[in-house]
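The two complexes that follow have chain A in common; it is paired with chain B in the first and with chain C in the second.
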Partner chain A sequence: MSFMTYLGKRVMRMVLSLTAVSMITFTLLQLAPGNFADIQRISAGAAQFGGSGTEDMVHAFASRYGDDIPAWRQYLIFMKGAVTWDFGPSYKYPTQDVQDIIAQGFPISATIALIAVALSLLIAIPIGVYAAVRQNSPADHGTMFLITLGTALPNYLTGVILVLFFTLTLGVLPSSGWAGPHYMIMPVLALVLGPTAVLARYVRSSMLETLREEYVVAALAKGGPRSTVIMRHALRNSLIPIVTVLGPLLASLMTGTVFVEALFRIPGLGLYFAQAAASRDMPLLMGTALFFALILMTMNLIVDLVYGYLDPRIRAAGGVSRWRRSQKSPLRQPA
Partner chain B sequence: MGASTRSARRSSARLRSVTAAVAVTLALSGCTLFGDDGDSRDNGTSSSDDTDADPGHEQVLRLSSSNLPIIDPQVVTFGMWMSAKGIFEGLVVQNEEGTDVAPGMAESWEMSEDGLTYTFHIRDNAAWSNGDPVTAEDFERTYQRLFTPEAGETGGSTSGANSYQSSTNIKGAADFLEGGTEDWSEVGVRAVDERVLEIEVETPTPGFLMAMTHPSMLPLHMDTVEEHPQDWQEAEHIVSNGPFMLDRWVTNSSMELVPNPHYWDPENVHLDRIEIALLEGGTTGAATVPYENDEVDIVGLANADIIRMESDPELAEHIRVAPSVSYVYLATLRSENPLLEDVNIRKALSLGLDREYIATVTPDGEPGHSLVLGIVPGYDESIEVSEDVEEAKRLLAEAGYPDGEGFPEINLLAGSSNVDVEAIVDSWRRNLGISAKADTVESGVLVERRWAVQDDDYVGFYYGSFAGTPNWPTMVGSLWSPRDIQEFSLPADVWTEYQEVQADSDLSIAERNEELSAIRDEHASEGSQELADLVEQAMNTTDDAEQEALFIEAARLREEQHLIIPVLWKDRYFAVRPTIDGLNLRPSLDAYYFKGMSIAAEEQ
Partner chain C sequence: MATITEEPAATAGVEAGEARSHWSRAWARFKANRLAFVSLIFCGLLIVTALAAPWIAPYHFSETDPDARLAPLGTEGHLLGTDLLGRDIFSRLIYGLRTALFVAFGAELASLVVAILIGLSAGYIGGRVDQGLMGITDVMYAFPSYLFAIVLVTVMGRSLWAVMLAIGISSWVTQARLVRAQVLTVKEREYVEAARSMGASGTTISLRYILPNAIGPLLVTTSFAIPAAIGAEAGLALLGLGVQPPTPSWGSMISEGTSYILAAPHLLFLPAALFALTLLAFTWVGDGIRDAFDTSGEDR
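Up next, the complex of A and B:
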């Protein structure tokens, strides 16, 4: 089995999963009470309709949103466009196609996510290593206490505290909006804490494990300087589990963080996703849900690939590089 | 050792290249990320940017708005109110107090003796932002688009309903809109010549001129709309006739307005630029943060903001109140349990509400004693419903529930949790000894359940609010129209049948309307039928005083049905920077016009 075959199989599986995601999302949306038109009537423009609105108005709504054709046909019409990356116009933003909204919102969410994760790594790795090498010392307990606090503190609360400090007390940062690089500072800071805490714990436990490995003990016994041994031998091998967490973590942040985006009023994808669900905006919800699923699966695929690249043992044991092994022993079939 | 050093070097080199790649990506995306890449929505004229703006010389008004997907005034969205604030201008505009009309595109107008024909004379210097003159034909073409069914779709929009208000009462308009006729000559809108527009109304309509200030009646540059059916609203295409024009619109991000160089009344246009941040979502009660941080100059306040600002001596001076345009009501839910089909029980519940107390719970609430707002000219206190605990108790006892004993729990179905509902619950418990509870549900659940017939063990009301033009025809004729009241008065089983007819897609619109009206005629309550007659009579009366008397009578009759129970009138609160002059808050949903506003230089 060649690498391409392996990749092909993975991609096939992704396509199947995406189809399943689309069906489940669509079905759930059909089962959800209410519809876009009625919800619009009680929110945005409600005030302008007399009483209940006329029946004709309701019918006009219904035909515009495709409620007068069977649901399965709506689904097929949508999916037909979706395979060519054309999700059609959103209900709420009728002048914009869903793929354009994604193209506009995703880079915003992704940038914030990348910066936040990069920053988290820069903070988490030293903290984790520091705590591990001083295991059970007051320094270890102290940092781990702070880390637990960080996990417990939800990012929207951190956000509010940041606004209180940077905007209302110091007056140095704009409270919300999205009009320049400095608008990124508070959202990124609000997002950093959680991932930092998660990553630091992983680094610490993984580091503790590696430090007990024989090759580390041997390197120390040979008289290698402690710092060199830790940095060169232990750290690199400790980072492998981090990669596992990093993929989904990045994916979940990239697809938008509803609370932080809402708090800072950032036009990222998470906000659109949440609004689409609340207002039953079918094309926008389906488009964003499929896109999120795609991002998550791609991230997982990348993690698997990087995994094998980082650790030859994983490559040897199966996983990504089953194809290599199968080339060597053509009789063995992958499970 | 050597090997591991090499690998460490290799990996750090790899790390460096990854970092570099990320940096490049960021740099590349950075220019588009904040929407200032001069994309297609930018018409390229905004070369002077924020950095060199000098607030001392340039009058820049900064606002924030919930994101506007579209500004088409013919479609019901928040965007139509932005259009009305000063991007487009109608034949007439509202005066400073919002109580009457003032000349807009029309410099004068007259009404025929029978009150059925209005003739508007468009001013000579009325012009579009591209220099074209504004003509009577522009209005006729615009209204033809407005009254054409599915016009929203031809406008590149699938969002929301047609914004035309039926109480405007233009002859033939409703019929044309419903597809009853396709003959435009039957609609009472006619361009007599380039400068004269004639509008006929179905029946004498006292609120007609005020209704003409509604966004739906704003003119559009139809050549542009027809040339760019999808994109006419975008900054690069739009042609408008208001004091300001759209200079820049970065989707989902910001909007910039500049004065329209061809506007007829430049002396009253003072602002050099209006910057509007289009923001998604937002957190209730956090609106004052951008205001206090000097990011915006005017901001609408929610209750939490009002309380916070009132407690700050300095900020309290920034608060401005606009008269109420909306009211909070409780509408009777249909139920298999006929309890609330008894008007006396509904009356007892309405009389048992301590509206004065409920109004004290929120800063923006005033006791709402009627479904007609108190600011309606000629408002008459005789229509009011007021607290009368003795009478309420007597009615309950008469119905077999002395002191509220054995009375089923009343449910208050609401789409969001709020203190008004809790205060209502509290008020009934204390006054009548009955129990009630708030049933707060997600909005999708609310829209489905409020029209449904509830199970036998569920009786109550749904909580809602409405806003509308404060005049008699709107408040009595269309906001809870006689037809609405008739529908609410139908017994539960008839209502089920009625809804089935409404949903029957095999019927043509005309057939459906006929069947529905037959059901209403047969089963709606006597009071609601009488109400319909009164309103029709009022609409056909030419004498102003007589008409007002009929509307008052109708309004009183409507309150006596107690199908929709008024609870509160809601005022609107704004924080306005003291440097702003010429801001007139009106009791209308657009709240104020940009025209006439100016900004004094900041006191240093």
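Up next, the complex of A and C:
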């Protein structure tokens, strides 16, 4: 299969999946009790509608929010705009188009996510390698403990612990808000632990596996210094599988920042999504859901392509998933 | 679900290294892991506490005490203090535990049922059915699971059952893929072939001959999914989309706690600490189960 056919197929699948995501989200939103106008009336009260004349306003809004046309037409109208990256104005923030909200909120989410991933790579690779080289040493057990902490504690709980420590005990960092670089420290730290754990676990087990490969044994047998063999021969090859986790990790971080954003009251995109769901803001919810799904799928595609580039064996096998499956089978030496 | 019941007859000869079944050997390895074993006991205590919440908690979770608002730790009658409305923190923590465990176990049961149904049919029937079902899981994979749970909760409301279902429905994909992969590896084995040749129906073959092979790996993923579901429940509550107040959830307690962090830090500290301990204990049990089933070496 040529590269272009492969790419074409993948892009086709992405388009189909995005359509499915949009249909599922729209249908679910239609099934949800209450519409935007109702929710606004109940939760925000008359204040949202300028104090008086609520009933008239609600009627006027009904046509603006498309409640007077059938749902399928509402969906088609939205999707017609969506394919040209025009999601229309949000219900809740009527002065802003959804794509503008995305353009505002996403960089904030992406910034903390990217810094978090970069930091966790910087931490995870050395400790993963060190733990693998010193297998079963106290350093290894310490790393495994850190990994357990990182997998067990959700990022917002880490955030709470950080708040308790930095804000309450030391009194050095602001507990919430978004008004300068130092507001980023705790959210980023809260996000770092999870990915670090995932990455360190992969680096460690991948390194352990590579260290048993014949070419590493051969390099050691030829009398190469252990550190050189580890850095030049083993590390490089053991980092290839890391690429596969990096994509999904980055994507899930970008979307998963929602809890950290809620905890630290950061105006990122995740927070908008949660608000949109709660207030039945159709364009905003659909727009953000499609955007998140698009990021996730693009990340997976890029990862597959990069992986194929790094390891020619996978290209021959026709895809990452098949490679991963076949990799399970080679005889592994008992430790 | 996450626990293995001991079979006395089968574990009898483990010390001598002559355990009879795969399961009893796994249980012996699990018991040898002290951290996992202690965690299992702790989790058992948590489950009993959650079940017996109405008898253990000194107050009902919504009972207010107007004379003791934001009471500090060690107040008489409210050992762990009270929140802004004068509700007993100790009681709310215990009822919060009940919420967390109910939602987590229920959600995992629901997702397990869906995963087994879809994974089995996709793997066993194959062809068009497989493509269709895997197409669905691909779409679900593209939908970040937290976001899907958020949408589902808005649709189904914020009752305990709705939150449970929302988390369950948004977390079955990985397990469905696992079941399908397991089915594909054993589908062509001789013993399955033999069952088929004796005229066993597709349902019988998949449930009696194929599914048991997937139970080990499923137990491992489920044991890690439980703490994840506990985290998801609290996360939804943190966003204000979890179980409807006044039913306590650790997530909403944490969210309230952040507002009074200077006046009453224990409002934030206590739920966070109990939450972290619970998650760690369940994760250690999961680690123990994984190691008990993994016979390939020390490195995983």
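The rule is short, and it goes like this: the second predicted complex is superposed on the first by the 295 of 335 C-alpha atoms of A that agree within 3 Å, B and C clash if a C-alpha of one lies under 4 Å from a C-alpha of the other, contacts with A are read in each partner's own complex, and residues count from 1 in each chain.
Here, a residue touches a chain if its C-beta (ideal position, glycine included) is under 8 Å from a C-beta of that chain, and two chains touch if they have at least 3 such contacts.
Computed from a predicted model, the values in this text were never measured in an experiment.
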Partner chain(s) touched by A:S137 [first = chain B, second = chain C, both, neither]: neither
First, second, both or neither for A:Y91, with chain B first and chain C second: first
Contacts of A:A32 with chain B and chain C, given as first, second, both or neither: both
Chain B versus chain C as contact partner of A:E209, first or second or both or neither: second
Touching partner for A:A278 - first (chain B), second (chain C), both, neither: both
Chain B versus chain C as contact partner of A:I108, first or second or both or neither: first
Contacts of A:S17 with chain B and chain C, given as first, second, both or neither: second
Partner chain in contact with A:G180 - chain B first, chain C second, else both or neither: first
First (chain B), second (chain C), both or neither touched by A:L263: both
Chain A residues contacted in one complex by chain B, in the other by chain C: 32-33, 163, 167-168, 175-176, 262-263, 274, 278, 280
Residue ranges of chain B in contact with chain A within the complex: 4-5, 8, 11, 22, 26, 29-30, 32-36, 64, 67, 69-70, 76-78, 149-150, 152-153, 156-163, 165-167, 178, 230-231, 233-234, 251-254, 277, 279-283, 286, 289-290, 292-293, 295, 326, 415, 442-449, 451, 464-468, 478-481, 483-484, 487, 502, 505, 509, 512-513, 516, 589
Residues on chain C engaged by chain A in the complex (per definition of touch): 135, 138-139, 141-144, 146-147, 150-155, 157, 181, 224, 227, 231, 234-235, 238-241, 254-255, 257-258, 261-262, 265, 268-269, 272, 275-276, 279-280, 282-284, 287, 296-300
Chain B contact footprint on chain A (complex, rising order): 32-35, 38-53, 55-61, 64-65, 68, 89, 91-96, 101, 104-105, 107-108, 111, 114-115, 118, 163, 167-168, 171, 174-181, 183, 232-233, 236, 261-263, 265-267, 271-272, 274-275, 278, 280
Footprint of chain C on chain A - complex, ascending: 13, 16-18, 20-21, 24-25, 28-29, 31-33, 132, 135-136, 148-149, 151-154, 156-157, 160-161, 163-164, 167-168, 175-176, 204-205, 208-209, 251-252, 255-256, 258-259, 262-263, 273-274, 277-278, 280, 285, 289, 292-293, 296-297, 325, 332-335
